[in-house]
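Structure incoming, see below.
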Amino acid sequence: MIEVGIFGGSGYTGGELLRLLSAHPEVEVVVVTSRRFGGKPVSSLHRHLDGIYDLSFENPTPAEVGDRCDLVFTAVPHGSAMGIVPELLDSAKVIDLSADYRLPPRVFEAIYGLEHSDAREAVYGLPEIHTVAGHDLVANPGCYPTGAVLAAAPLASERLLSLAVFDSKSGISGAGAEPSMVSHYPEMAENVQPYKLTTHRHRAEIVQELGRLDGGSASISFTPHVVPSVRGILTTAHLFTRESVDGEEIRKLYEKFYKNKPFIRLRETIPSLPAVRGSNFCDIYIETDDDNNRVVVITAIDNLVKGASGQAIQNMNLIFNLDETTGLWQPGLAP
Amino acid sequence: MIEVGIFGGSGYTGGELLRLLSAHPEVEVVVVTSRRFGGKPVSSLHRHLDGIYDLSFENPTPAEVGDRCDLVFTAVPHGSAMGIVPELLDSAKVIDLSADYRLPPRVFEAIYGLEHSDAREAVYGLPEIHTVAGHDLVANPGCYPTGAVLAAAPLASERLLSLAVFDSKSGISGAGAEPSMVSHYPEMAENVQPYKLTTHRHRAEIVQELGRLDGGSASISFTPHVVPSVRGILTTAHLFTRESVDGEEIRKLYEKFYKNKPFIRLRETIPSLPAVRGSNFCDIYIETDDDNNRVVVITAIDNLVKGASGQAIQNMNLIFNLDETTGLWQPGLAP
Amino acid sequence: MIEVGIFGGSGYTGGELLRLLSAHPEVEVVVVTSRRFGGKPVSSLHRHLDGIYDLSFENPTPAEVGDRCDLVFTAVPHGSAMGIVPELLDSAKVIDLSADYRLPPRVFEAIYGLEHSDAREAVYGLPEIHTVAGHDLVANPGCYPTGAVLAAAPLASERLLSLAVFDSKSGISGAGAEPSMVSHYPEMAENVQPYKLTTHRHRAEIVQELGRLDGGSASISFTPHVVPSVRGILTTAHLFTRESVDGEEIRKLYEKFYKNKPFIRLRETIPSLPAVRGSNFCDIYIETDDDNNRVVVITAIDNLVKGASGQAIQNMNLIFNLDETTGLWQPGLAP
Amino acid sequence: MIEVGIFGGSGYTGGELLRLLSAHPEVEVVVVTSRRFGGKPVSSLHRHLDGIYDLSFENPTPAEVGDRCDLVFTAVPHGSAMGIVPELLDSAKVIDLSADYRLPPRVFEAIYGLEHSDAREAVYGLPEIHTVAGHDLVANPGCYPTGAVLAAAPLASERLLSLAVFDSKSGISGAGAEPSMVSHYPEMAENVQPYKLTTHRHRAEIVQELGRLDGGSASISFTPHVVPSVRGILTTAHLFTRESVDGEEIRKLYEKFYKNKPFIRLRETIPSLPAVRGSNFCDIYIETDDDNNRVVVITAIDNLVKGASGQAIQNMNLIFNLDETTGLWQPGLAP
């Protein structure tokens, strides 16, 4: 059994790690930390886990957590992980769900406005694109970049992309477990709320990852929206190509690129969020618009699963040389 | 023109007063107060009012507000109104949307756990039951009591009621404009949340008002729920009668009781919230259950209109001897 | 491996059986029937199951289905099951999700207005109350009766109940996979819709099952509502007792009654739907109202799981002498 | 008083015309037609109008309707209006809410796959761009084109636009009052559903109207989505300009272009749907993305009001030389 800890387990990604790990045959969760809820049963906060876990939140030092675990998931605010991860790595592997290790320190500092104190490199844990096995520290991708990069990667890898507009629609759980105006029911029900139209921090990850594939030759725009759903990110990728492309060839390109990637489902029909809800799948659909060299690619993921905790477990499986799908091979919850 | 002020205009009831008053031909809103937003345009907070009002929030004393107005709506927290109303009454009429004047001071103190400093009497502003004209101070009813009392009043007035269970379902705007866990979208979407199962403070109003009609002979239970809707309260009144009653007669009783009450619509079909949304109507439907002396009465109101701001304007009309429907004769927003 | 068939697999209960059975270690689904979709891949309709199942809908005779299976779930319309079940029983065990075997034939005929052609008895598959093991035919309970009966059974078993009002709030998936006015988004969003206020057919099951416990001494009312949620039934049981009862004793009574019932969670806080969503749990909360001999019991279930397909699998486990929780021990999907 | 008829009054646009016209001081609705509901009270279908209108649906000929009216709104399916409008025009003015007169007949035939039988010209009733006064026949714009064209018109009029991607998010009422799979609550709740990614018929209107302004020099893409809201269209216009543009100048350009257009509100903050719900406003927000010559413009409208019935009444006002805002100067319903 892999002994696993969750550092910062009171938020939605912490709860989701626990939910998913309860179905994992090779894992035992041995410690879940929370400064605020230390001493309280995990199920007093995550009520859906009542009867499933008998753990209470603890408040130990990172070193103690590392000692007790083979692997630790860090689910702490951006800027906090880098203060914890080095100690954890002394005795455990780490999958970090914050943004701290996703970008080079100087880029991170520019984008997040925080000083970076730990220059070590991590693998960017998008396993459909990077080789994760063999690493001790994984930077788990942002939710939006997961949906956006998977939409465009095959075209970028062929250097076909000239201009990409990612218009993403996210469920409200992406705003976290703490109430605020953006998650206030009367404001968000019956609404669609665009935000950070040109300045969202996840754009840097999209630019970085697509740039690794095409050398940065494409112009990349990203605009996020919140929609009145709890879970899910649907990304509409308006992808303009350098030259006219054939629909059939594009599809073959995607099939080849995602061959043997079990969580990618290339669909014949336009994806929807219920089909991936609660699951680690990324559903992809492609349609070409012959008029103007546009390919419209739709991706649908659950932001808390493939966009966060599920992908983290997928990365864990790879690090421990388990089948990538172990404990994650579950259908979505529909309807 | 009636010159009107709103004391405490930053919440949902304040915004709704402004929305509704914008259609009132006899009213000019001359002052809207807010300690927190003083100096800011009203439309910077209530964005739907942009272009409609050119007012900014002010922060004057109650005396100043009273001086400038013929009538003031007080929309401040429970316990705060009684510190403002006496001064306002020196020069203006007052309709208080808080609970402060709805119950006798001693009952108020027991229920709300606050000391009461102003023993003056107000009329309970449920105009289908009380005569409001001629009063200077109106205690505007609570949202739940409005739906519950209107459901049972005709039966109570005939002393037919032996046991009443009011099971109410409210939209989330009832929790107010401030974000909190009960209004956090990911918690309330796809949920139904009962609360204060046996102890909600509005029960005292229901007991008081039905007691005025039947001398307190009925046993009264009230359990509220929040449902994933923004507006509306649907009340399912399970009304057990002392003796077997005939469905036709019950309906006639309701027709007679609510004759010439323009905002009561006795429906032939089961009410729904969209039909009253944004309007001051209370839709009522009656069905008798012959098996067990039960009458099921459904009432549907918009909690912010007939349950708060619309009823307050209805009361204002009556105080100023206008037709009760002036400025309020609008259909619901459906779908 | 238990070889399982689903007769009528195109609806929501069929899809949910497939979703849940995909996690069951002792089951293989060998046939899923649909007259309408025969020949099409199961995942073309149930898109969340893409990659999980490689089956296509078939359209065989009941006898053929029975021959190929150890157990068949029948998920066909009320009145249709009785024409299929006898043939299936020749070679397989059957769990019927329709209403056909829940009530005595004559009661069924009165309530459903259909002739009953198969007088054989089935066990009523509410395993917290009935012994299911040893039976070949299970009548899987209705969704509302599951929530209502579990709320009141401990009190009824002690003959403490004098009057019960079950006010239930259901998600819209209960209306099925076929579009109709009651499931039309613009009509049901931002709404609460009561229906069949005094005449819902599920009342007969509630009366029957509580009557088995208390000899029919309690008066029973049931009023259902649809709320804007996809899944879940929250039941508010207003239970009036013959005599004043002590809150502590009531709780102990429930603890004792539900001892060793793994899917019953007696909660310390008021239940909500997300905590049970997608899971087979029934969360229960009890609060006494000393004023008027009322006990308010809240139950929360997922109507498609504990209210239908999950309970059916729980019954299957019992029939095959597996642990009741096999393949079902999953937390809810929250948020 | 202008005597007005509604031809085809049973759908959502018919109901919305009635709702809005009830507040119009210069209009009397004299006839509402419906083949299907002829003879039934209008309020039996549009229940929110109970007490407001005392009309019943009728089923007269177009000639009869024209005779009784000064103006007729036609709210019939695409392809049906052209069979009715010529007769109506014999004696009344017409505002057609179908697509029949929005495009040149040959374009209409290519896009809608229907033969066009009436070559007469109509004014395209987007009053912020076209002069409507003086016309007898108005082609009321599509809901998506209203939001998209208003987003880009100022840039197009200056020939600054090189490439426009309109990514629109619509409420479900746009799918109409008839239940279907796309409006089935369990499928659309908690979902975002893109459709007709590259082939939606409204694109032709957008191309036509922007082309009138810039000679067709911009490449135009349009992709619609349905979001779980009843009303509203939020359009994210990703507008790429020929040259780098200054944010301040763009804003001034929009201010100048929309000067004296009362229903356009240029906002300082990002629009949302509640602020326009039920109102005829189009809220617009502009943000420039210096990295890549992109201007992101957000527009928010109520699809049933500015996107259909409200705009139709605005056009009516202009035809009858009333102030454009008569009867329409109402704030949105928020929250």
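The chains carry the letters A, B, C and D, assigned in the order they are written, with residues numbered from 1 in each.
Definition applied: a residue touches a chain if its C-beta (ideal position, glycine included) is under 8 Å from a C-beta of that chain, and two chains touch if they have at least 3 such contacts.
Not measured: the values here are computed from a predicted model.
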item	value
Listed pair (A-C, B-D or A-B) duplicating the C-D contact set, over half by residue number	A-B
Chain at maximum distance from chain D, centres defined as averaged CA atoms	C
Centre distance in Å when chain B and chain D are each reduced to the mean of their C-alpha atoms	36
Mean-CA-position distance for chain B and chain A (Å)	46
Distance from the mean Cα position of chain D to that of chain A, given in whole angstrom	39
Residues of chain A touching at least two other chains	12, 171, 173, 177, 186, 189-190, 228-231, 272, 274, 277, 335
Complex interface listing, chain D residues touching chain B	12, 15, 18-19, 22-23, 46-52, 173, 177, 189-190, 230-231, 262, 265, 267, 269, 272, 274-279, 281, 329-335
Contact set on chain B toward chain A in their complex	12, 171-173, 177, 179-181, 183-186, 188-190, 228-230
Touching residues on chain B, where the partner in the complex is chain C	163, 165, 167, 169, 171, 186-187, 189-195, 197-198, 219-221, 223, 225, 227-232, 234, 236, 238, 240, 270, 272-274, 277, 287-289, 291-292, 294, 296, 298, 335
